[in-house]
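The structure under discussion is supplied below as structure tokens; questions concerning it will follow.
Chain naming follows the written order as A, B and C, and within any one chain the residues start at number 1.
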Amino acid sequence: MSGGSSSRLSRKRPSGRKALLATLMLLVAVASAFPLVWMVLSSLKTPAESMQVPPVWIPHTPSLDAYEKVSGVVNVGRSMWNSLVIASVTTAGILITSMMAGYAFAKYHFPAKSLLFSVLIATMFLPPIVTLIPLYRLVGSIGLNASLAGIIVPNLANAFGIFLMRQFIAGVPDDLIDAARMDGASELLILFKIVAPSVAPAIAALALFAFVYHWNSYLWPLTVLQGNADAYPIVISLSRLLSYNRGAVNTGLVMAGATLAVLPPLILFVLLQRFFVDSIVGSAIKG
Amino acid sequence: MSFAWTSKLALAAGLAILPATAWAQSVNISYLTHWSPETVALLEAAAKDYAKTNPDVSVTVRAVPFGDLLTTLRSQGGGSDGPTIGGIYDLWLPELARDKLVAPAPDAVASEVKASWPAGITSAASVGGTLYGIPNEIDVYALNYNKALFKQAGIAAPPKTWDEFKDAAKKLTNKEAGQQGFGMINSWAAGVVHPFASLLVSNGGELVKDGKPALDSPQATQTFQLYEDLIKSGASVPAMATADANTTGPFLDNFVSGKTGMIIMANWWESALKTGMGSKFADIATAPIPVGPSGDKPHSISYSWMTVVNANAGAAEQKAAWDFLAWLNNPKSGKNGASAMSDILMSMGILPSRLSDIDAHKDKLGSEFLSGYVSVLTDAKPFPVVPGGQEFSESLQQTIEALQYGQVSAKDAQATAQADATAILERAAK
Amino acid sequence: MIQRYRASAGIMLAPAVTLIGIFILLPMLLTVWLSFQDWSTQTPFSSASFIGLDNCREIFGASSVGRDFKVALINTAIYTALSVILILPLSVAFGLMVYQHDVAGGTALRTVLFSTYMVPMIAVALVWSKLYSPSEGPLNQMLGLIGIGPQPFLSSPRSALISIVFLNVWQQVGYFTVLAIAGLTQIPGSLYEAAKLDGANRFEQFRFITLPLMRRTLLFSAVIAIINAVQVFEPVALITQGGPVGSTNVLTYHIRRVGIERAQGGLGSAMAVMLMLSLIVVVCALFALANRKDRE
């Protein structure tokens, strides 16, 4: 409904709306970041300051003591390396298996497709705590206990990833795929060279989710590793600092360790930024 | 095949056939613990010490965070790849013994334990009269109070009876300043149940008598009533009592910051208090639990930890495990007649339970804070170690918390607690 | 041609289906079997003895087991409903905020939002239990500035569960925002240009282009949000331990307590099967609703 009257209002509205939008965005950013800032500030406080009522917001003499100490008490480098191995290998596996299966569910027709898909989705319904012990015994019987492989192998495929890929690959136009087929391309080639780029944001999202989830994964690695502290990922090593009566004393160390532990996923996120582009790419493919 | 090849093959075959016992047999045992990295380092040092005189045994420490220890124990499933030695809370023993996952202690170990430890602790480490491990840590509860706040409120001495206790709590309560007289604890089973139980036994009551819950006794009625009175009068504020991640939270912060006058807590929170209060820690003192109208003298609740041996480990491993444990808890393994285990415990501010260890460490145990705890040790009553004990404790926790938050009256709380406890212990005994 | 695709389907599906079949489906079936057994968790599976529906009867019965299970079920349902109602609209709103070009800073906002998901749970637990300190904690201090009295948050049975919901929303909204953005990128810009030429304002563009074309993404997000919420474990295990007075006792935490810590494996498995069945019902209802809307 364009018209003269609305154009006068619309000259005022954009700047007003922009200001409102900017304020909202700032509020959201501050609300989200506040606990994170608290975490970093806590890593600079003394343990006594952490226990004060009313609480201390800004440490009186911020110090990096906690960062020094945490490396002396747990092997931060080693733990982060373990986390990196677990997260990267699992993510690579999830990306490949999810893309392949998601493509099949999105673009192929085969008998019992709906049934198989429903069963796969249903596997997401049981919380990991429930299948912990049966899975632990199963992995033990294959001989994978007490190793990083035991952590990684059961997680190499994931119904969430398949579901996500299927939802997004379904939106890729069929003519694109058919054209490639007529050119004689193999299915795997089509999947990785043609379909994948057009769902790049979803793949980046899945990579990010899988990496962060397995970077922070706690219960399964703990169970499989059978107490071998050298192989612990960083999240378990940090939890050990709170064991028994050390909770109050070691809070700052945990905050420091957690601040360090956030860095690798954050770096990955920054690296994957360019995949979250807008739909210009999408519409260009459509032509 | 050339001659060189064949002769090498023959040599290799010959070596392979030689009996393995020509060399020393190496036994590998593992020790599962919940201790933090600093403490595990001490345990590993002790294991290295042991290896000097026992080179054919290697001890690996398996460390899991405290909150996951029970889950880890239950997941092992009685396999032989489970840890050879486990440090467990004595409340977990009955189910482990019932499922034949822990081995009874050999006679030599059993007789030494019976001779060197107090009878109550030995019984807490036994099921049906059979000893299943070596006790190490003992934890006991005492009344902690803030001397500075006492002085402010004009209270001369820590309360000895419940009447004095209620009186002191009222005097120490100052709503405008956000100060409460007596701090309770919630959201943490041990923190809720143990202080309550300490007051109950100081009132002549019992939690469990002859295997049956005794929460319907008149002594228990008075204890539930005490709690209701404290809450209703505002001397205890439940919102100030919350615990998180078990050993930290508002209940600790408030006491450290001088917002709570008195609280009943265990000895091991000394390091948290020292860290949080700095020089003000000198304001804290400990005293026996106040005695109730039906009680004769102060009693405290105690609970203990012990080490057990995996019944499904190999025979050589089990023997090596018992030998190592006997050495670890022996007065010769540590400094100045203390055992290595007690040295490790004392480094965490935790009380050892072996009589010779208490003697060997009497300097440190004589500090103002700890001596209050040591003095209540002899009259402490162990928390009942019965099948279903864990579930019993958690259900009692729920009821007491409901009482704290005014959701039920003292009478109803008592009825519910007794009914639930009876059902739970009956089912577990089957 | 169809033969070729069937073979291709087989190859495409094989890795995922095999892995999931062995490592997830098998333990799941084992759990269902265990729900009919009397089994102590710390013993081998061979020691389980068949007791039929006794476990089910007990968890719905009148004893403390049944009471606690009912409370856990209700808590989980409330927690799930609140989480989903809050997260889904917020994620779309934040997604739009990040995605638009009028005001700069969308990328920075996205980074901040997602970084909340990256923090290890142990640190989240410690920080939030400090923020939620009753009487004079940081959040209460800020509420005091705008004239609201101190809230008990985690320290009262009435507010503890909602406090955990807010914590969860804070932690996960960035994750769902990224999902929403991925969905937004699939909408061709040409559609918006055409609509603008037709004179549609922003609100109409949102209602008639954005929302319908995000339907697939939104359904996905809803299912995932529900599953995540039902499976909440770590905030409860690390902060409230199910309290106070069982107000934050959720199903997964209760299953760990009963099934693992108390070694009552049969009961724990029965509870897990109930959880799974309720999830199946809810998700099927969601899909049915979505399909009906598709047909309209």
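Criterion: a contact is a pair of C-beta atoms (placed from the backbone, for glycine too) under 8 Å apart; a residue touches a chain by one contact, two chains touch by 3 or more.
Since we're looking at a predicted model, the values are computed, not measured.
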Chain labels contacting chain A and also chain C: B
Label of the chain whose CA centroid is most distant from the centroid of chain C: B
Between chain A and chain C, centroid-to-centroid distance (C-alpha), Å: 15
Computed distance of Cα centres, chain C from chain B, in Å: 36
Where chain A and chain B are represented by their mean Cα positions, the distance between them in whole Å: 38
Residue list for chain B, restricted to those that touch at least two other chains: 67, 71, 74-75, 77, 79, 245-246, 248, 250, 253
Overlap residues in chain C, where contacts from two or more other chains coincide: 41, 126, 133, 135-136, 256, 260
Chain A residues counted as touching two or more neighbouring chains: 50, 53, 132-133, 137, 219, 239, 242, 251
Of all residues in chain A, those that touch chain C in their complex: 1-2, 14, 17-18, 21-22, 24-25, 28-29, 31-33, 35-36, 38-39, 42, 50, 53-55, 57, 96-98, 100-101, 103-104, 108-110, 116, 119-135, 137-139, 153-160, 162-164, 167-168, 170-171, 187-188, 191, 201-202, 204-205, 208-209, 212, 215-216, 218-219, 234-235, 238-239, 242, 251, 254-255, 258-259, 261-262, 265-266, 269-270, 273, 276-283, 286
Partner chain A, residues of chain B touching it in the complex: 30, 32, 34-38, 40, 61-68, 71-72, 74-75, 77, 79, 81, 83, 245-248, 250, 252-254, 256-257, 259, 268-269, 271-272, 275-278, 348-350
Touching residues (chain side chain C, partner chain A) in the complex: 5-6, 8-9, 11-13, 15-20, 22-28, 30-31, 34, 41, 45, 94, 97, 99-100, 102-103, 105-124, 126-128, 130-131, 133, 135-138, 141, 170, 173-175, 178-179, 181-182, 184-190, 199, 216-217, 219-220, 223-224, 227, 230-231, 233-234, 251-252, 255-256, 259-260, 265, 268-269, 272, 275-276, 279-280, 283
Residue ranges of chain A touching chain B (in the complex, touch as defined): 47-48, 50-53, 73-74, 132-133, 136-137, 140, 145-146, 219, 222-223, 226-229, 236-237, 239-251
Residues on chain B engaged by chain C in the complex (per definition of touch): 67, 70-71, 73-79, 95-96, 98-99, 101, 178, 186-189, 238-246, 248-250, 253, 390-391, 394-395, 397-398, 401-402, 404-405, 407, 420, 423-424
